[in-house]
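In the two assemblies presented below, subunit A is common to both, partnered first by subunit B and then by subunit C.
So, the complex of A and B:
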């Protein structure tokens, strides 16, 4: 059992800012993350050294990481949180090549900085080899997947598409199209509002600069991924703009429909929600007095908001109030509302899946078998939709958009774990190479 | 020159660069990470440990999320069937 005053879940920008602020102000801090390295998704670093790579390290990330290291906060990567109690205990599972290790933590205050994941919407062919999430393909490239010379199409919706396309292009991919389902009319007010925010505008222009040859087609979306001649791997995509339909050949498709917040831990703890998001006050405090939340779980608002909210949460844990930060947080919330409107999903996307299109990839539940089901619970009981290892994290947001069903409950364990891990308490357990650190 | 080491994927040994995730090694070897409950070949989708599509058998242990594990020297990886 490891004890700490402040426990932060998530080592992305929000978690790093929170941990730094709390530790700099005298609190004992541990940060946990499921990923091996700190940085979260937006600051995910390459794990493979590339000869002559032209990627420049991100200056904001370097500053944040340096400050975090100097603050004295301890970062523990590769830890997947599978159980937590608001009374102050939490369990993680660490999986390496050959071992599983269960650890227990005790905390006074908890900061949830669990970030967001991509929203996936099912379409015919989306289970073919060569089809990835947008952020998904970017993460794999950072994990060593070479895309040089590959024909890539980036599609879906959200500001992430341009960032992903720029990153892939820089790695030598031939990005032939970026397909954004939102219309230009929808995007224009959002784009115009960026003039008030030079940092975001510069970032956007930098992406565009790397993609000067790539068309950015608004109001266009993928309707099908088509297998190549071998029948197993992606060969082309069928695209529409609502009036015209065409095929584009490609080797890889990176497709994601913006982000959904990771709120499972907050839901399990019983935090109050405001719609899909965790409700927090000006101090980033949730409805539970010792639980704080920062970043995407409170509203999809991007990097700057995450860093500001994280710092506020960290200061709050140290008993301090960040008044000027709170004003910036309000500005970022307005940005989040404009972004949500700009990238709202078009209704045509609901008619993409055919009867035989897989919706739940864990249990291979086809869209047609959800016909006649009346709720998420009904679908789970009758079809096993959402009952597999991802626990509905992938198909849940899709089904919510397609059929309007809200996922109903979150239970422990939050991720699949070996039964011994879930049953064990303070005693050391070693079955099937499972180890427990006490 | 970056360091490489041998990794055995579905019985065939290949050189993999240090820092490569197991999910990427499966892509490089053109092997599916798992066969789905109806037998479809599947590999990484989200790349961040959420979707569980990249589960494979790593060093004999099934259901490992390969996008969250780095390749190690002499590791064996098999399609999760």
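So, the complex of A and C:
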């Protein structure tokens, strides 16, 4: 059992800022993250830079990391939180080669900085080999997956599409189109609002700069992924702009529909939600007095908002109030609202899946079998949608958009763990995991 | 609105089975459900169709109900996942083997086929059990279903035969009238409360919530072939005061394993409790050490509707209520899935004054009103 005053879940920008602020103000802090290294999705892999490349965000990350290291906060990577109790204990699983290590942490205050994941919407052909989540493909590439010379289409919605496209282009991919479902008219106010946020303007420009030859088609979306000659792998996509439909050949499709918050831990703890997001006050405090939340789980608002909110949460844990930060947080929240409006999903996307289009990949549930079901719970019980290993993390947000059902009832373990993990209560226990299924 | 012959409050597996039984005899049926159909104890339970011998009355009802499941097996849609995998009652030592033989006699007398397994036969049937167990009793006719789909099948059958479904909460049910949360008022000759642990409509229902934990693993086809239950299960299931755990594991058609079981009174919170889980899993590992490396997908809890004599309430509410229109199909504890078809049959027999296949008296709600029993409660 490891005891700490402040436990931060997530070592992305929000978690780093939170841990730094709390530790700089005298609190004992531990930060947990599933990844081995701090940085979160946005800064992931920024330390293992290839020669000559200059992924954006590096300077900001370096500054944040240096300050974190000097603050005295301890970062423990490679730990996945699988169960948590509001009374102040939390369990993690760490994969150590062939073994798994269960650890228990006890905390006075908890800061949830669990970030966001991509939303995926099903369309015919999305299960073909070669179709990836946009962020998923970016993460693979950061991990060494080769895309050089491949024809890639990046599609969906949200500011991350450009970041992904830029990243893939830098690694040698031939990005043939970036397809943004939002219309130019929808995006214009958001683009204008970048002027009010200079840091974001720089980000935006950098994305475009690397892609000056690639068309950025607004108001366009994928309606189908088509198999190549072997029938299994992606060969082309069918695209529409609402009036015209065309095909574009490609080897890989990176597709993402903006972000949905990672709120599973907050839900398991019983925090109050406002819509899809965790409700917090000016001090980033949730409905539970010892639990704070910062960054995307409180509203999709991007890097700066995450850092500001993280710092406020860290200060709150140290009993301080960041008045000027709170003003900045208000600005960031306004930015979040504009972003949400700019990238709101068009209703046509709801009619893309056919009856035989798979919605839940874990349990092989086709869209047609959800017909006649009345709620997420009803669908889970009768079709097993969302009952597989990912507990609906992928299909839940998709089904919510397609059918309007709010996913409910998060259960432990938050991700699959060996049965033995539930028995190891007082000490660190090593588990030999069964690698081959019987 | 035109009166119904019968209104059924609760669309869990019991209410749905009653609805089908009533629709089959041509009655005008209304089913009322405030939550998700099959979303209560039906969704939380294991779906073991099992003959239980903890009392002669329980043995009679479970054996009768199981025969109805077997009769229906050809009609059940694939989604119900009905599988006659059999139950093996696992005996840990020679003392428990003595009990195996005793139980075999009880079952045989009731016409339930069994087979005594030696240690070697047990190991052969379930290689993942630990070595050194004494043997077991195989009950080959027992089976497994996926309860939410079974309940949905019953309800769909009832609706196909004309039953009406009302998605609303029943705010009151008395004197042949049910008032719904949406303002609608329904009238019928009879009202059946098939309400699981929700006793608001009749607070005098002698039902207590008994919490249970379940664990489901990832898919491991071939790891397990029968439902396995430790022979001491009844002993632990019988304990009224204490929290108890017992080894009870089920193979799902998907290859997943469903692991139980725990029983607790007094904690009505839905959270999974680490201490109970640890005890339950430790117990299971004593029988199947290989379980510890299997991957767990989810843990959840549910509440059994328990009566203090372990028997359900099937029949008129007389004794618990003055209201002659009220009938009960409730208090099934851990056997609601098994007993749903049998209970539905007994209830309709009683309403029609028809002779039942088994003696219905042990399940009459009025029994719980005897002064001696009340003192017990």
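The rule we apply is simple: the second predicted complex is superposed on the first by the 410 of 438 C-alpha atoms of A that agree within 3 Å, B and C clash if a C-alpha of one lies under 4 Å from a C-alpha of the other, contacts with A are read in each partner's own complex, and residues count from 1 in each chain.
Operating definition for what follows: contacts are C-beta pairs under 8 Å (C-beta built on N, C-alpha and C of every residue); 3 or more make two chains touch, one makes a residue touch a chain.
Quantities reported herein were computed from a predicted structural model and do not represent experimental measurements.
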- request: Applying the touch criterion given at the start, work out whether A:351 contacts subunit B, subunit C, both or neither, answering first, second, both or neither.
  value: neither
Message: Per the contact definition in the header, classify A:381: touching subunit B only (first), subunit C only (second), both, or neither.
response: second
- prompt: Given the superposition on chain A, which partner contacts more residues in subunit A: subunit B or subunit C?
  reply: B
Message: In the overlaid three-chain picture, which partner chain does A:272 touch, first (subunit B) or second (subunit C), both, or neither?
response: neither
Message: Let me test your reading of the model: by the given contact rule, A:416 touches which partner, first (subunit B), second (subunit C), both or neither?
response: both
- request: Considering only touches as defined above, state whether A:97 meets subunit B (first), subunit C (second), both or neither.
  value: first
- request: Give one of first, second, both or neither to describe whether A:140 is in contact with subunit B, with subunit C, with both, or with none.
  value: first
Query: Is A:389 contacted by the first partner subunit B, the second partner subunit C, both or neither?
result: both
Query: Which subunit A residues contact subunit B in one complex and subunit C in the other?
result: 388-389, 416, 432-433
Task: Could you please specify the touching residues of subunit B with respect to subunit A in the complex?
output: 1-2, 17-21, 23-25, 27-28, 32, 36-38, 40-53, 55, 58-59, 61, 63-65, 67-70, 72, 75
Query: Which bits of subunit A are touching subunit C when the two form their complex?
result: 83, 85, 374-375, 377-378, 381-382, 387-389, 391, 411-413, 416-423, 425, 431-434, 437-438
- line: Touching subunit B in the complex, subunit A uses residues 34-36, 41, 46-51, 78, 80, 95-98, 100, 117-118, 120, 127, 129, 131-133, 135-140, 143-145, 232, 262, 358, 361-364, 388-390, 393-394, 416, 432-433
Statement: Seen from subunit C, its contact residues with subunit A in the complex are 36-39, 43, 79, 148-149, 152, 167, 215, 217-223, 259, 271-272, 274, 277-278, 281-282, 285, 290-300
